[in-house]
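Each structure below is given as structure tokens.
Below, chain A partners chain B and then partners chain C, in two separate complexes.
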Partner chain A sequence: MDPGVLAQYAFNGLMLGVIYAMVAVGFTLFFGVLDVIQFAHGDVVMAGAFVALATYLALHGLGVAVPGLVVIVVACAAALAMALLGALIARYLVLPLRAAPAFNTLLITLMLGSILRELVRLFYPNGSNPQPFPRLLPTASVNLGNFTLRLDTTILLVVGLATIFVVNLVVRRTRLGLAIRAVAQDSETARVMGIDFQRIVLVTFAIGSALAGIAGVVYGLYYNEVNFDIGLLLGVIGFSAAVVGGLGSIYGAIIGGFLFAALQTIGSVALPVSSAYNNVFAFAVVIILMTWKPTGLIAEPTSERV
Partner chain B sequence: MQRFLVTACTLAFACVAAMSPTALHAKETVKIVFIGPLTGGNAALGLGGRNSADLAVQLHNADAKAKYTFDMVKLDDQCKPDIGVQVATKAGADNGIIAGVTHYCSAVAIATVDTYHKFGLPVIVWGAVLPAITYGNDYPEIHRVNGTMINQNEVNAKLVTGLGYKTWVIIHDTTDYGKGHDEYFTKFLTQDGGKILADFGVGADQQDFTAILTKVKELNPDVVYFGGLTPIGVRLRSQMDKLGIKSQFEGTSGIVSDSYIQALGPLAEGTIAFIDGAPIDKLPGGKFFLDQYAAHKYGEPPEAYGPYAFVAANLIMDAIEKVGPNRKAVTAELAKTKDHQSIVGPITFDAHGQNVVPIVTAYVVQDGKWVVWGDSDYAKGKRKLAGGK
Partner chain C sequence: MSASLAVEGLFAGYDRADVLMDVSIAARTGEITCILGSNGSGKTTLVRSILGLTPPRRGRILFDDADIGGLPTHRVIGLGIACIPEGRKVFPKLTIEENLRLGAYREADDDTIRERLRDVYRVFPRLEERTTQLAGTMSGGEQAMLSIGRGLMAGPRMLLIDEPSLGLSPRFVAQNFDVIRRVNEQGVTVLLVEQNAHQTLAIAHRGYVLSQGRVVAQGTAAELRNNEEVRRAYFG
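Right, the complex of A and B next:
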């Protein structure tokens, strides 16, 4: 195969993988600290994209037109709004149900996802239709044979990877991260050691959801179109990626995200069957991987999470 | 005896009570139903259709000579076959509903034909173009005022091969709608000498097409043909640009909507697509329709298929005026439709309930508008499509 084309596949796959990894890291963080699955997480990504879009329209209405500034404000608004939403979800839906079976949390967040979706659909102006997302990044591009390298996509890729890197750094290298890891390992002991359990849970949910908010912005800027129902499939894919990588492990989530993107790309172009089966193929491989390694590719040592 | 008297009195009273509305009001109210995608990615077309059908009802109700007053129930099929069957069942099970103006999405229209047949509810399809909706069954209840994708793709293939394009890649969604377009376009294009380099099916809710489009880029066709609806059309065109694909983009009636242009902005320029019928202002009754539509101040534009929804509603109301609110009688009456004058021209149903007057018009996006091909700068040679054609 032509090296330019191959590079293009790889680059597209990487871009898709970064978005999936950003979503998967959230799932893995939440599972790490509380052993819960927050199934509305995909819809938090969607909500982030819509907050970004609304912020952009507001700025546009106010006449603010400095491109770099607009992108930063828009991304910060989405991240902050989703951090708040994540903390609220943790405080009022997840924490009160700690004593209940994990099944309840799963169901409640699943329903919350539907509510978020319907709220955007009903209350965002013309929310049922695909919404154009503005092109806020420089669109310069270079052609290397069959490979088109676009500046905006490259920026998104770098920003996505950097955000995941920063989150990883926070969890591994800071006092806050130490506290998160302590709670993940053994919440009772962590409490005895003087760690404010509730605060750490809220902060973890805020971090994971802020990441989802940024994922929403990256998604919008990459596809230049957002829709109220994008969260559904993103959530399922992000969750599968987290599980296949090893739920509770950040590296696992990242690997899972890129693996899923690679499978979809292969499913689209390299199989003899119709490209429409790319998701069937990707999920089938995930199922096989899960039966082979039930605890994920990066199996967690029994006690350590996050 | 006493009980008999009580019963008799109650019955008599009930009869009077039941008869009084007709006695008091000169007109009986008859319910008909409109079904289309009122939410979801294709809601713009659904809302345009709903408003247009509603306009027909408003105009009819304002006519003092009419025997009946019509009440239109509006249901949302969300462009999803399962939801479509649910709402079709709801309409069919309501005996007060006499007939329906139904469906823009082919995948939904084909899924619901059995339901309408089962309930004996006569319907007129106002936007779906899959041939099998009328030609795939012998149900007397199913009619259609717009043309089918057969005519559309025949005209399409002739025009684009005539422009000098040689090679195509086909992308279609895997619903019946997309597969139908794929089948007929492939057939006519091959007849006209076009070469198809590859054919991709895509999911109707797929977001990412970069992998497929990278392959398209490698194949480097003159034209990318898309058989599907607006949401995916928008994503494909936008992602083609991201990957630097310079091929001409053409679509079917499924992307002829204002929301296609709104979502894409300048990228929509030069997209070619086809619809059955002529532009609203060039239809025989187009001016009348647009004037009335504007006068009723609807919040959304009528979109491409609005006039057909309008005509379908009128055919139904005219039939009910003639034979009364009875499903069987209305079905029989609609079957006799021949040279019925309407704003889209004369309507004649064949044995399958299909209107046999196919007009197909080619469109191209020029300066943020769908412009009739013949009137465009592209046809006149002032502007060039991709590949300098």
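Right, the complex of A and C next:
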């Protein structure tokens, strides 16, 4: 195959990978601190995209048209709104169910996802149809043979990677991150260290959900279209990526995200059948990987001693 | 700077069963007070109640005359109480230094934290040799040092220590008890919960004996050593 076309596929795969990784990191953070799966997380990505869209329309209505400023305001609005939504989900749905079986949390967040989806479908104007998402980034491009490097997708890729990098830095290098990791390992002993458990859980959900909000904006800017049901597949893919990488590990979630995107890309390039089968191929490989490494690709770094 | 703790008429337990029944103890300022008792006597439940992990059903817990019963754990710790928990409970996937820094989580001042790190490393040079090693890969004795060091990092006014001798070789036990005695000499009030009566009474000023959730004997260390019931139960 032509190297330019191949490069194009690889670049598009990287773009998908960064979106999946952003979603997967949220799943892994939530599982880390509370041992729960927040199944509405994909729909939080969707809600972030719609908050961004609504913010854009509001700014447009007010006559604000400075391109760089608009995209920054739109992204911040999505991130902040989803941080708040995430903290509310933790405070009023997940934390009250701590004493209940994990299945209850799973079921309740699954239902919350349906509610978020249906709310957007019913109440967003013409919400049951795909909405055009504005191009807010400069669209300059260079052609290298069959490979077109676009400035807007390059910016999205860099911004996506940078947000994941910042979240990872916060978790690895700050006092807050140390508290998050302590709660993840042993929440009771973390409390005995003087850590406010509930506060750390809320902050963790806010961080993971803000990341999902930004992922929603990146998704909208990349595809120039959002729909009320995009969260369904994004949630399943993000969750699979987190599990394949090893739930609870940030690096695992990042690797899982890029791995899933790579599988989809390979599925559409290399399979003799239609590229519509790329998800079938990617999920089938994920199933095989899961049977081979049930605890994920990133192994636990130490054996625990009592 | 030191502090006193008094537990008055405490009832506490899990689900519907009370483990502690009408327990009253006092840890006086600047002293080592020990709680002796066999497995299942309610020692750990007492520590958990003071820390707010198992809130009391009845009774009061007074720290410097303020009732702390039922306060959330992080606020109890914020008052200047630190705990060296049963079974060490180091964070296995964090490094030694990260574990120690968590001990000083409530301390905002970087210089103070660095100073305390230096102090802990002076007491346990073994820890300084391997600051970046993961705590889960250390031996039991080293984890005990880390757990004690982590408790000291808080710069506490009062230290709760739950079974420091559990599962340790006699050499480590002696070393750790020596550290506890030295910490107390610097003015920290200590509540020491132990099964090992012999060595505990050697460093404690006074103590209580718990049995089946009740205080069955109390007095100075010398009195407890000579108490018939204690002798029968602990010294064979």
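Here is the rule we go by: the second predicted complex is superposed on the first by the 300 of 306 C-alpha atoms of A that agree within 3 Å, B and C clash if a C-alpha of one lies under 4 Å from a C-alpha of the other, contacts with A are read in each partner's own complex, and residues count from 1 in each chain.
As a convention for this text, a residue touches a chain if its C-beta (ideal position, glycine included) is under 8 Å from a C-beta of that chain, and two chains touch if they have at least 3 such contacts.
Source: prediction; values computed, not measured.
Participant: Using the superposition on chain A described above, determine whether A:Ser187 touches chain B (first), chain C (second), both, or neither.
Facilitator: In the superposition, A:Ser187 touches no partner, neither chain B nor chain C.
Participant: Between chain B (first) and chain C (second), which, if any, makes contact with A:Ser141: first, second, both or neither?
Facilitator: In the superposition, A:Ser141 touches chain B alone.
Participant: Once the structures are superposed on A, label A:Thr105 by its partner contacts, choosing first (chain B), second (chain C), both or neither.
Facilitator: After superposition on chain A, A:Thr105 lies in contact with neither partner.
Participant: Does the superposition put A:Thr204 against chain B (first), chain C (second), both, or neither?
Facilitator: It touches nothing on chain B or chain C.
Participant: Counting residues of chain A touched by each partner, does chain B or chain C come out ahead?
Facilitator: Of the two chains, more chain A residues are contacted by B.
Participant: A:Ile195 contacts which: chain B (first), chain C (second), both, neither?
Facilitator: It touches chain C, and chain B stays clear.
Participant: So, A:Asn227: does it touch chain B (first), chain C (second), both, or neither?
Facilitator: In the superposition, A:Asn227 touches chain B alone.
Participant: Which partner does A:Thr28 contact after superposing on A: first (chain B), second (chain C), both, neither?
Facilitator: After superposing on A, A:Thr28 lies clear of both chain B and chain C.
Participant: Quick check on the output: what are the common chain A residues between the chain B footprint and the chain C footprint?
Facilitator: none
Participant: Sort out for me which residues of chain A touch chain C in the complex.
Facilitator: Touch residues, chain A against chain C: 175, 178-179, 181-182, 185-186, 188-197, 300-306.
Participant: So in the complex, the part of chain A that touches chain B is made up of which residues?
Facilitator: Residue list for chain A touching chain B: 2, 5, 8-9, 12-13, 15-16, 121, 128-132, 141, 143, 146, 148, 150, 153, 223-225, 227, 229-230, 233, 264-265, 268-269, 274-276, 278-279.
Participant: Under the definition above, what is the set of chain C residues touching chain A in their complex?
Facilitator: Going through chain C, the ones touching chain A are 51, 53, 72-74, 77-78, 83, 85, 87, 89, 91-94, 98, 101-103, 105-106, 134, 136-138, 140, 143, 150, 154.
Participant: Enumerate the contact residues on chain B facing chain A in the complex.
Facilitator: 39-41, 43-44, 174, 200-203, 205-208, 210-212, 214-215, 217-218, 230-231, 234-235, 238-239, 242-244, 259, 262-265
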